[in-house]
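Several structures are given next for inspection.
What follows is a pair of complexes built around chain A, which joins chain B in one and chain C in the other.
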Partner chain A sequence: MKRTYINGTGCVSAQKTMNTAFLEEIIINENDNILELTLPDYKDFIAPAAGRRMAKGVKNGIVASARAMKEAGVENLDAIITGTGMGCSVDSEKFLKALLDNKEEFLTPTSFIQSTHNTVGGQIALGLQCKAYNFTYVNGAVSFESSLIDAKMQIDEGEAATVLVGGVEESADATMNLLQLSGAIKSKSEMPFSILGSETNGAVFSEGAMFFVLEDKKTATTYAELIDVSIYNVLEKDELETKLELFLKHNNFSIQDIDAVILGYNGDTEFDGYYNILSQGVFKEATQVYYKHLSGEFNTASAFGLWVASHIVKLQEVPSVLQVNGITSKHYKNILLYNQYRGQDHSFTLISQC
Partner chain B sequence: MSRGVAITGMGIISSIGTTVEENFNALIHGKPGITAIENIATVHKNDIKVGEIKRSNEELAHELGLPVDNNFSRTALLGAIAAKQAVKNAGILDINEYATGLISATSVGGMDMTEKFFYDYLETDENHRYISSHDAGDTTHKIAGELGLKGMVTTISTACSSAANAIMLGARLIRAGKLDRVIVGGTDALSKFTINGFKTLMILSDTYNTPFDNNRKGLNLGEAAAFLVLESDEVVKKQNKKVLAYLSGYGNANDAYHQTASSENGDGAFLAMEKAFKISGLQPEDVDYINAHGTATPNNDLSEGRALIRAFGVNVPDFSSTKPFTGHTLAAAAAIEAVYSVLALQNGIVYPNLNFTTPMEEFDIVPQTVLKEKEINHVLSNSFGFGGNCSTLLFSKS
Partner chain C sequence: MEALKQELKEKIINILNLEDVQIEDVNDNDALFGDGLGLDSIDALELIVMMDKDYGIKLADPKEGKAIFQSIETMAKYISENRTK
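Up next is the complex of A and B:
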């Protein structure tokens, strides 16, 4: 079985994560319940005329994937695999509003065409003229992990040598508004927002695009080896540690081998208890990392988590802004990521220095 | 791949029937399910025909035994009914006995409820429970919940090839030893969103769809759900399971030509078929029947026809599109056509391509227009979607 290496990354997020050193300039925004994206310089990657027709998710996906491919020094791909929980929300909303407001008359197809969930993956393929395997996963908070599982399985089996895999989410006005009505997004009246000291339900949201080049060989740009990924639709709190131990054991790892755990804390008091089980339990003495105060919550925010994890392994340091419990390690060899959203779509991702 | 991955159960609900048997009977007796639309109030109701399941959401929820205040979208209701049938058909009593997964496909997801309550949500909280039902993944969670399944659950959305890709992923997970058993398929309900979307693209027929006909005018939309149960050889052996058929090959490729249109020569379609043959070890001449994507849009049928000629040469085997029966059921299409492909293998039947009268002027292949009985050992099924997504599945007799 071949091994899988993370050889390139690209990240468009609420932070300045393009063309800068790892989290060099951080903005901690505790006053907004929806964090704004730090826009990349699109013109470096997309011709302005083409860019005007593209939705922001597509543009961000193209930018992040181009950055990852450039860093890894790859031009040809054996697969393009995208995760997106909500899909192309901006165009979906645009078409839906037009059809409701105009009573199904006078519609134009552009926003419908771009509303399809696989638009980002399709547009990346079109831009690269890449006729390879092209899948899009749309399962809430495991959309990105599903993509990773697929990519890794292809590399394991020798079906693919170079795979582009990513997670993309768009914040769209009406959807964000509905998520505030439903309580998924914290109410503005509850600010300032902090994740670790939160006393309220819901989360602060945002959007982003994170892409990775996975390959079957170690190169000069390798960040880490992707050891394994596993997803579970539902887990009871008392099943969590057992599932984790099974996952680690399956990969010949034990709790003691994990140098840092990256937790998907999002400040939702109703569900952050899942993370507490690990941070106050088996990983009490380990380095604990969180990141959604930087990225915001969205269905593929865990891809930002993997971007963070990859950098920790490569740079061998955990910036203080990411630390949960202040415990640091001399060495960051094995990192475990755990994420869930509202008690569903749990995932473990394990990476290792190589 | 040796024989392929075993298919041990099937379930389906479509406009031509609410069980596998009803669907098969409609297919062999030439009874299509294309009608005027009843369940959705759309201004286009007099201009379009659809493959609609003539049961209300309340009736579907009742069949599932759901409480009145449930928050299932129609897509989830249809999916749960088909998935439960498939699990029952496979004789599964304890869903979590083996490492079992659920891979579903949808493009509409909960849009049917979002379009109903989009402005209502702002006025009253009466229907707020549906807000969290909007995303595609919720549909799959609901189905998993109805099955009592705990484990690997995910969803694929690659437009009209989605279910083919869900079936393909399931087979790969079994082959790689990641799962022992996996329920794979897709579900999509009719919605104003898709009706209007395809309307603006001007590819909806105002009458009955006529695949591969020179005068074809476009597609009829449909709604459906279908699921298959795939099981590893070990589970089949251990439980002495009856194998309905084998999934012997699969391939996915991207046309990389246009967001919505297929390339003139069907590059993506050709590549998908080529990959499926390679994985199965079968040759084009082994195929006895092709269940074509055949949406009856001018673009698809030309591109697909050319790809078939490229893949099969002058001897294109019997082929037909079953979309004149069901309409184009989008993300569910490849799943219902997988059920039809297995039934074709089991019963030795080539389904008629209804409504065909005039051969296309661009080439001289014509679909099978009347029911044909013959020995069928291998069926090839194509599905293509927006974003250039092209998928092929190969089914072989057990």
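Up next is the complex of A and C:
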């Protein structure tokens, strides 16, 4: 069975994560309940004629994938695998609004064509003229992990050597309004929004696009080896440690082997208890890392977590802004990511220095 | 007629999201498709819907489109002669 290496990354997020090393120019915004994206210069990556029909999610996906491929030095792909929970929300809303406004008449094709969940993967492939395997996973908050599992299985079995895999989400006005009404997004009146010191339900939201080049060989640009990914759609709190131990045991790891744990804390007091079980339990003495105060919450925010984990392994450093408990390690060899969203869609991802 | 041409230029730039095109860049007789503005078949569908929605013109015969959508000049002429809105 072959091994899977993370050889290139690209990240468009609420932070300046393009053309920077690793979060050296971060901005912590505790005043907005929806974090705005730091937009890249699209014209560096997409011809204006090609980009005029693309919503920001598609453009961000193209930019992040191009950055990852450039870093890995690859031009040909055996697979493009995308994860997205909500898909191309902006064009979906535009199409539905036109449908309502015009009483189901005068429907134009562009927003309909661009509204499908697989638009990002499709446009990346069109830009590259890549006719290889192209798949989009729409599995809520494990959409990205589902993509990772597919990519890893294909590399493990030798069916693919170079895979582009990513997570993309875009925020759209009506969707954000509905999430605020439902309480999934924190109320504006509750600011400032502190993730770790939160006393309220809901999360601060955002959007982003994170892509990774996974390959079956280690190269000069390798960040880490992707050891394993596991997902659980439903998990009770009292099952969490058992499932974690089983996951680690399956990979011949123990709790003591983990140098840092990256937790998806999002400031939702109703569900952050899942993370507390690990941070106050088996990983009490380990380096604990959080990231959603920088990225915001969205269905594929855990891809930002993997971007953070990859950089920690490569640079052997946990910036203080990411630290939960102030405990640091001399060496970051094995890193575990744990994420869940509103008590569902749990995932463990394990990467290792190589 | 001049006001209609101006209106069409604004609508086309806006509806087709021609970010890098200004109204003054579009001449009345420039080709809309091919070498001119470089519009494509999806844009043609957008223009057909726009004609129906904004001017009450339903293009029943697709063959008519080629002549009507040749330029701003031809569009304005056809709209002014056939509009119901």
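Going forward, the second predicted complex is superposed on the first by the 354 of 354 C-alpha atoms of A that agree within 3 Å, B and C clash if a C-alpha of one lies under 4 Å from a C-alpha of the other, contacts with A are read in each partner's own complex, and residues count from 1 in each chain.
Going forward, contacts are C-beta pairs under 8 Å (C-beta built on N, C-alpha and C of every residue); 3 or more make two chains touch, one makes a residue touch a chain.
Source: prediction; values computed, not measured.
Aligning the shared chain A places chain B and chain C next to each other free of steric conflict. When the two complexes are overlaid on their common chain A, residue A:I28 makes contact with neither chain B nor chain C.
In the overlay built on the shared chain, the residue A:T108 is in contact with chain B and with chain C. Within the superposed three-chain model, A:V138 lies in touch with chain B and out of touch with chain C [touch as defined at top]. In the superposition on chain A, contact of A:L246 is made with neither chain B nor chain C. After overlaying the two complexes on the shared chain, residue contacts for A:L39 are found with neither chain B nor chain C. Contacts of A:Q129 after superposition on the shared chain: chain B is touched, whereas chain C is not.
In the superposition on chain A, A:V321 contacts neither chain B nor chain C.
When the two complexes are overlaid on their common chain A, residue A:E157 makes contact with chain B while staying clear of chain C. The superposed three-chain arrangement places the nearest Cα atoms of chain B and chain C 8 Å from each other.
The intersection of chain A residues touching chain B with those touching chain C, taken from the two complexes, comprises 105, 107-109, 113. Of all the residues in chain A, the ones that touch chain C in their complex are 48-49, 51-53, 102, 105-110, 113. Taken in their complex, chain C has these residues touching chain A: 15-20, 38, 42, 45-46, 49, 52-53.
Chain A meets chain B in the complex at residues 80, 85-87, 92, 95-97, 99-100, 103-105, 107-109, 112-119, 121-123, 125-126, 128-140, 142-143, 146, 149-150, 153, 156-157, 174-175, 177-179, 181-182, 184, 230-235, 299, 344-345.
Those residues of chain B that touch chain A in the shared complex are 42-44, 102, 106-107, 109, 111, 114-115, 118-119, 121-122, 125, 128, 131-132, 134-138, 140-141, 144, 149-159, 165, 169, 172-173, 176, 178, 192-193, 196-197, 199-201, 252-260, 267-268, 271, 385-389.
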